[in-house]
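Chain lettering (A, B, C and D) follows the sequence in which the chains are written, and residue indices restart at 1 in each chain.
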């Protein structure tokens, strides 16, 4: 079975395991107050061109989302999100379990626009019974989104502008950030992301680490007391250095970007070849998640050899599915997949 | 600096790192649904002599406590705990953040008794305005406790009996379980723990793993839908196999018990030698945490070379401190510590 | 200013004030454990033909919704509701503040269908990562809905059937229940409601009382320990008898139904007359809330004399607004309103 | 049965019922935005000598406590309270259900001291793992306390000073405020309370109203967006004018203070007479709750005729009980009680 069903199918970049082995019997302080975390934070701030940022390391994505959002909001405030946002769909109500409502907006492609946000907030305050509804105070976007689309620099800048005008915090979920930043269509840099948002995170779990997400806070208001929030949400790893060592390894020697570029390139190859075969896509995704629409009988055939995720039924005989590439994907497997799809389609055409 | 300040100062048992390296590029299913988790769960059930138990792997202790307790309780129910219980003191209110109150009982030694529990529950229901107070529904104990003391089999059996009589769930926090089970004074087995409680966890973070806690649920009522709770509390690790591999390595070849015994023996050595020097202890702890009472000037001297935790001021010139041993502690360092304490005391006596 | 903007513009049925005055200096037990509450509960059970039901009195609607729903759900469970449901829109996230997500379904008319519910639940369990999403466990409907529509008996029966099949609780918010039960198009009785749901409430605040909602629980599972939940949500009125006295007065001599019929009849009059004038409606509501679509200039004129609620812009020159009748509405005021609308329309037509 | 078991046994001051009847059929805006609420707020600000204060009306005490505290705290912050504080004991964990921990301090008499507060806060920040514990951010005191004791002006001023120094909000629960302010030993005025705290409430439920508590916020930081919090906690009464009318009636013509003085005087009479009989008290309470220690056989006798609350067993043959007076207590009943106690004691002495 060759797995394309997610971007967390393998372990981690081998350099990380080596570093873990080298440092294994060192004794360090716990809870992220060790030298490795300090050095990793420095590298990340440099990569973000954000020397005044606060950097914290957490274990996983759901935990990070909940920690960041609940740290920013008062009890009666909520977070604006695309209806497809991970926090709204795939976190078993973790945010609501902390007391906060997802204020959802329907989108075509998983991306919010500055206009939608402005209109939501204006609508809230124009309603004479506004105090009977949850006050919007933060905007949550993911880049790439849950369906692989990415924000262009101008779009993110516009959203950032609206957020400042309306007094909202802007939070970018970067679980797959590297795969967005390194794809062909991207025009954003890590420094842009740091400048245009109030807080965001650089995903490790899906991009080369065993686990771990690096939260980067640039808005002064959100920095205070953040570690209390981490602890309350179970994100303060006792052996915090494990996170420091991983991000140190990823951000030394440009590794984070190189392995992201590898995944991006393979996804583009898949996308280009399938497009050439005349296959259409459920979403026009430029990043490491590809959503081709394929005949069900082709999918049945592919299932014997490949793992992939079911996305949606398109018509009576076609479904959209998801193939992910990642830092660990072997090019030969992508080639094999392309060739097998080509064969299945061809057979079917006979 | 030689660290005795906690039991999570080093990485993990080297066999774990080896196994992680061996399996690194394998592709597996995510979220704990892989073969390694399945095999580790099997080994644990065997070690617990509890073939019908459900075993789940979570990342850290606070997360585990919150997940287990909130899964068991309705909104108006609370958990009885020693006032010194980890959930009451050192989790930044994680349980309250999930809506539940700690129902605290003062203790001398961090241990609850069956009588205290019975009396608390009887008192609740005897109060005519009982509906104005939180209903006790679970008992939380840690073994070893936060101050190193352990439950004897008869004590745990009595608590289990009271819990069944009063309709309470019994949850045992085993963050340091190995260090309790392998210490000289212990008469409990892992199978006893499984039999006498409704749910407990076997700590990995402090006992040889990089991180990870294995929850063992024996009460049928608590098994249903448990994975929803894990996800909601951010404990469902994407690369769940990391937990499976670690616990597999710890429970194959008896490693968990052997490394625990190592730590227990070194703590006993420290305890015995200090006792021989006439040093008294803040708590009479038989396990891997030792709380000697030492003159402040001796502590000032030791601080130059050793890291240890401050526990409490005892009188104007003496303080209680905490030294931890763990699976990774080197005997030579314990010997050095003993010898240095002896020297300091001797010098002072001159 | 003549107010049609809501159904809580006046105080209460005069018989209630009389009874409050008569009993004012009596001494009773607190917290709903007095004779008046007991007698009111008896009358309500009789009116519901539900002798085994549990009846509790709470102060307001938001409080009642939150108390009932959170009493029924475990932390990882949510409640299915129309997107327009009061709990989703107009309670400042009270339910999320208690940890639960609203699982929303879009509707045309504020009403859920049995098919929508079945499909939602089936979809949840068919998803292979179902544990990453909130588990549906309760269905919330309001009758009349927030836009005045009502459930016919066959519709409610179908929903009840689906709920039982799928293991969901069915909760009916009856803030305006009387106005639904007494309107021309209704074919439900109070006994039907009690039989087809697991729990519902009979609104007092909007139907003749100063305040107060009577929760009727017929499902045995939901009865246990309910008073703890009331207290936790601040709904256990110290002078609970105030609620007992009010519902006693409303359910003696058929008052609840008579005053509801009065409001229903006046709403029908308004609806019929406006329909005769060729005015169309935003929603086809048979109950005490009417949503005519009127020219903006007519509305500007009416505003000088009448209070009503703005509902939605329909086109550049028309808006939908809401007029409510209630137990206290004077027929002469409805006649005046009709006549003024007729005049405005006529003037405009010139 | 003559009831002294609580201070909410009767309805309300007759002037309130009259005013409710007079205004019953008036139409007003809902949710506290009517003229009566505005006028009542003005009177209260004048009585507090706090023209810039924000005044809000809520329905009950538990709701008010939860609303005020959760409005003031971030998720990781908690509230310091006497262990006997109402929020810690008698609200079914309502505060924890909103995510906040009670940080309890043991007291002799239900009163916190400035020193205890300072010491708690200093201890928190001195602990090197302070981020693992809940951050204290508010102090909750009740005046009179749950055991009837009161704060002297100097004590409250000292607490206020410590709170400002340490960056804590000071919240005073005045469920029985009138009974404290009007008792013999008191040296505080309402204006003092407003000046020395950041927020407090004036209880209506126990002092002459049917229900209702008036929150007075003097700290600017706590004023913003408060109504969202009221709504979220189910405290925004649809017919908000009911609260306005009640507080208007209580604060016109000095009624609130006069009726409080009545209750205070009767409690003092009871206290003085029992003291004269040689009876001792469980707590030395100067206000409307009295806690005499009486022989069990005397209590058995009294129980036939009087309702009172059981407080605590004192020794094998004596218990402490609670007798409350209130605005509605008849002096003849207090005299009867005194005389009956005297007789019982006398008979027993034979």
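We take it that a contact is a pair of C-beta atoms (placed from the backbone, for glycine too) under 8 Å apart; a residue touches a chain by one contact, two chains touch by 3 or more.
Note that this is a predicted model, so its numbers are computed, not measured.
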A-B or B-C - the one linked by more C-beta pairs in contact: A-B
Length of the line joining the C-alpha centres of chain B and chain C, rounded to whole Å: 50
Centroid spacing, where centroids are CA-atom means, of chain B and chain D in whole angstrom: 42
Interchain centroid distance [CA atoms averaged], chain A/chain B, Å: 34
Chain D, residues touching no fewer than two other chains: 75-76, 91-93, 97-99, 129, 131-132, 228, 231-232, 236
Pairwise touch network: line, ring, star, complete, or other: complete
Contact footprint of chain C on chain B as seen in their complex: 31, 70-71, 74-76, 98-99, 129, 131-132, 135, 225, 227-232, 236
Contact footprint of chain C on chain A as seen in their complex: 75-76, 78, 89-93, 96-102, 128-129, 131-134, 310
Touch list for chain B against partner chain A, complex: 1-3, 6, 8-12, 14, 17, 20-21, 23-28, 30, 59-63, 66, 91-94, 97-98, 205-206, 210-211, 228, 231-239, 242, 307, 328
